[in-house]
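We just call them A, B and C in the order they show up, numbering each chain from 1.
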Amino acid sequence: MEIEILQGIISLLIILGFSPLFAGLINKLKAVLTGRIGAPVWQPYYDLKRLFKKETINATVSSFVSRISPVINFVTVAVAATMLPIGFWKPLISFNGDIILFAYILGLARFIQILAAMDIGSSFEGMGAAREATFALFAEPIFFFTLGSVAFISGLSSIYDIYYSIQLNNISYIVFIVICSISAFLLAVTECSRMPVDDPNTHLELTMIHEVMILDNSGIDLFLYQYSGYIKLFIYAILEISFFYPFSAQSYLVGVMIFVIGSFILALTLATVETITSRFKMKNIPQYLLFATAIGILNLLIYTFTK
Amino acid sequence: MFEFFIFILLPLISSIFCYYIRNLRVQYSVSLGVSILHLVLSLSVFLGYYHADLPFFFSVDSLSKFFLLILSNVYFWVVLVSFSYLKRPVTSKAQEGKKYYFLLLNFYLTANSAAMLSNHFGMYWVAAEATTLSVAPLIFYYRNEEALEAMWKYLFLVSVGIAFAFIGILFLTLSAKGSLLEGKQLFFWEFIKNAKELNPIWLKASFIFIFAGLSTKIGIAPMHSGDIDATSNAPSPVAALMSGSLRLTSLIGVLRILQIIRPTSSYEFAKIILIIGGLLSLFVAFVFMFKVNNYKRMLAYSSVEHLGLITLGIGVGGLAFVGAMYHAIYNSITKVVLFLTAGNIHSRYKSREVSNVTSALRTMPITGWLFLLSFFAISGIPPFGIFFSEIKIFEGLLFSDKPVILFASMFFLLFIFINMGKIIFTMLYKKGENDQLEAGTERFEFIHLSVILLLILLTVIAVISPDVIYQNIINVTKDFGMNL
Amino acid sequence: MENVLSILFCLSLFYVSISSRVKGYVTVLQLQGLLLSVIIVIPFIYDFSIFGIILPVTLLVVKVFLIPKYIKKIILDLDIKRMIEPTIQQFTFLLLVIVSMVVIFVVSNILSQRTELNVIPFASGFSAIVIGIYIIMFRKKLIVHVAGFLILENGIFLFGTAVASELPMMIELGILLDVFVVVFLMGIALNNISSTLKGFDVTALGRLKD
């Protein structure tokens, strides 16, 4: 029992510790693919350190929402992180139905961030908040149709159990998992404001979605926002990688190896996608998200009717 | 093997021949020779002088014998007048169309014969699609904008329709699951023999899909639009071919599936669908006759009307079925006559608008009178054939269990007759401002002769009513399991 | 294995309903042709015969090389712009596609309880038929209509493998030939439409009415 708790804590620490590294890896790979040298892999850590040292300034018109939002944001994302398995370790929080908690605790993070963005009263941030809310509306079904269909098939409702139960002895199951991972990848891209949906490196406020919401934050607040953004990216990466655990024998060491290799491949994929695609037009984003949902629905249909 | 060669291979060979020999006169003679051979053989098969025994996926029964005769009759007359038709001046762009005219005509004969003689659904589908392919470039003969649009629409609509018919055929395969037929080939006769074992749900679905899909080609409402455009913009001989035989080629597919469905419990359902299709076509013709202002389109709607009548007769069954069979043959001949005379008017007035055609009777008396006569023929005035077949259909309708249909169709037919008459009398008698065309200078041409011969043929068949035809139609009804 | 390929086929249908370029349609046609040839070649892996391999190879050549190449040639020759010009929003279109697909899957599952059939290829094929018709209905460009028609044909083909009807090879080849010639004729017609009617979309076709 204590061992399990210890394992859970270690998993959480891994997520908290390595998430900036993952983001740095993506940026580095992207730079290499576009022919630049790029910032070092550790750059996100330097950024965070710099932000941590700076003073926090809040707008005079802002209310308490702006002050508590970064903290809540960070905490909720961290709680979500405690529900994910790394290797074959049981996560800290795992009970029947935690899949719903996972979705909505991330929803809470988003909600409070949107609220804080509107709190300041800047028109840009309001616009960003509106976009974020709209696209979140379309992104949520993706999660439920993807993970939900796996849950439906296995009959389990805890994230850990679901991943644990995936078996690859059936060829159509493999295709199913591959399709699910496509859908999860699209979800990750959307939720973490990556390239085809949102450009994290854009400099024009009008074209931003996520970045515009934190324009007015600084210092420790910005630190928390940035850090929870990295964690979120890593969380979705884990969601994606976890589909491929069962290729191994169920031992911890192989699990960790798959985890490391999977992270690297995923980072490479993200970087490649960001290199070869351009950002969608704003009006095309909903159909892109619906496409991902459609994949989830297809999964569900196929599995309902072949049983 | 000999009949297979004459019916299917010979037209194909002659179509390839037409590709290499570019001389129109040679092409014409060869095509005419082929068509005469085809006519003679199909006539002797029909009369029973020759016992046909076809290989592969083809065979002959009373229905295909009958329809094949109609086809080769129509085809023969069309080819006969084609040469004099081709001699008429056209725009320089359309000259190119002449090169492929006989090639496509021969290919048309191959495809149609194959479709009518096939005894396998797959073969029928391939041949029916091939007929579309042969006719589509012919529609584009004039190389103008309207013809182009008509060709595109016809090609597209009919291809999609035929694709639907294929879905219907696949459903038929499904209906055979779990019966003796499972895993066997899609031969008509096997299905007819074991029809009772088929799954009724899939059989119904199959009927709906085949009927709806093929009705784009038959030209029954509500799928008639592509056919109307095509028939009205094609050159007159081609339009005559389409109205006279192509529509029957597609009708034979519907008849085949009906033959399968006949002994099963789904027959009532199929009957209702056919009756609805027929009545709807009459209704569409009735509505559009009020507003149509293009005489070729008018004739096309008349085709919709008559095919609707045939479908109605088939749907009601019994005596009406016999009437419908007679109607098929009379209608095909009358349509040839009508379209050929209309083609003459078109080449004289250079317009298809009714308002541009005035005092046709004075400017071109022979064509005018023939047009008037053929109008009487199509409207069912005795002694022309349509009168007798319509009477039979009406009799069948009256003694069926739904006599109400008779009143509805009589009502529609009456107004169609009035409106058609109005249009045609306007064309023939109304004095126009552009009467500069000289009066009474029309030469007696070859086309006129053929039209007169056809009208005589129509009357003779109707009046004498050869026992062979009657016997054959009775055989067809026996194949369908109907008791008269 | 057939199921797996059918799922991929469905994915290609989703892709085609959000693709806004004509090129995307051609790619999907190629992909579908490939999938179909693989589906019909599977039985021959265990039971190889030269005679039986003719059909898959012809299918591959016609659907993956000849027809897409021809369509590409038309696009190049006529200088057709690359956007497809939908008449309704892509989002609505995709929604429509999803709803139809769900309905088709549910209905075919119900039907499969009475008759023995392969639900996934059956429903995928039928979805392709419906989506092909949607494409014809909701797109303006005529070349896209041709692509929609071909998707419909592909759907019928998949559907045919699902109901396990084995037509004789001659007839299958005849069907393929027919489809090819249809596309060929449509290409010629398109060529003429672009030169005489000065347009590539349905608005150019409005002369014939009563």
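By our rule, a contact is a pair of C-beta atoms (placed from the backbone, for glycine too) under 8 Å apart; a residue touches a chain by one contact, two chains touch by 3 or more.
This is a predicted model, so every value here is computed, not measured.
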Chain of greatest Cα-centre distance to subunit B: A
Chain with minimal offset from the mean of all protein Cα atoms: C
Centre-of-Cα separation between subunit C and subunit B, whole angstrom: 31
Distance between chain centroids, defined by C-alpha means - subunit A, subunit C (Å): 37
Where subunit A and subunit B are represented by their mean Cα positions, the distance between them in whole Å: 66
Subunit B residues touching subunit C - in the complex, by the definition given at the top: 56-57, 120, 122-123, 125-126, 129-130, 132-133, 136-137, 140, 143-146, 148-153, 155-156, 159-160, 163, 166-167, 170-171, 173-174, 177-178, 183, 185-186, 199, 201-202, 229, 232-233, 288, 291-294, 297
Subunit C - residues contacting subunit B, complex: 111, 114-117, 129, 133, 136, 142, 145, 149, 152-153, 156, 159-160, 163-168, 170-172, 174-175, 178, 181-182, 185-186, 189, 192-193, 196-197, 205, 207-208, 210
Complex contact set, residues of subunit C against subunit A: 1, 3-4, 7-8, 10-11, 14-15, 18, 20, 89-91, 94-95, 97-98, 101-102, 105, 108-109, 112, 119-120, 123
Complex contacts: residues of subunit A adjacent to subunit C: 171-172, 175-176, 179, 284, 286-288, 290-291, 293-295, 297-298, 301-302, 304-306
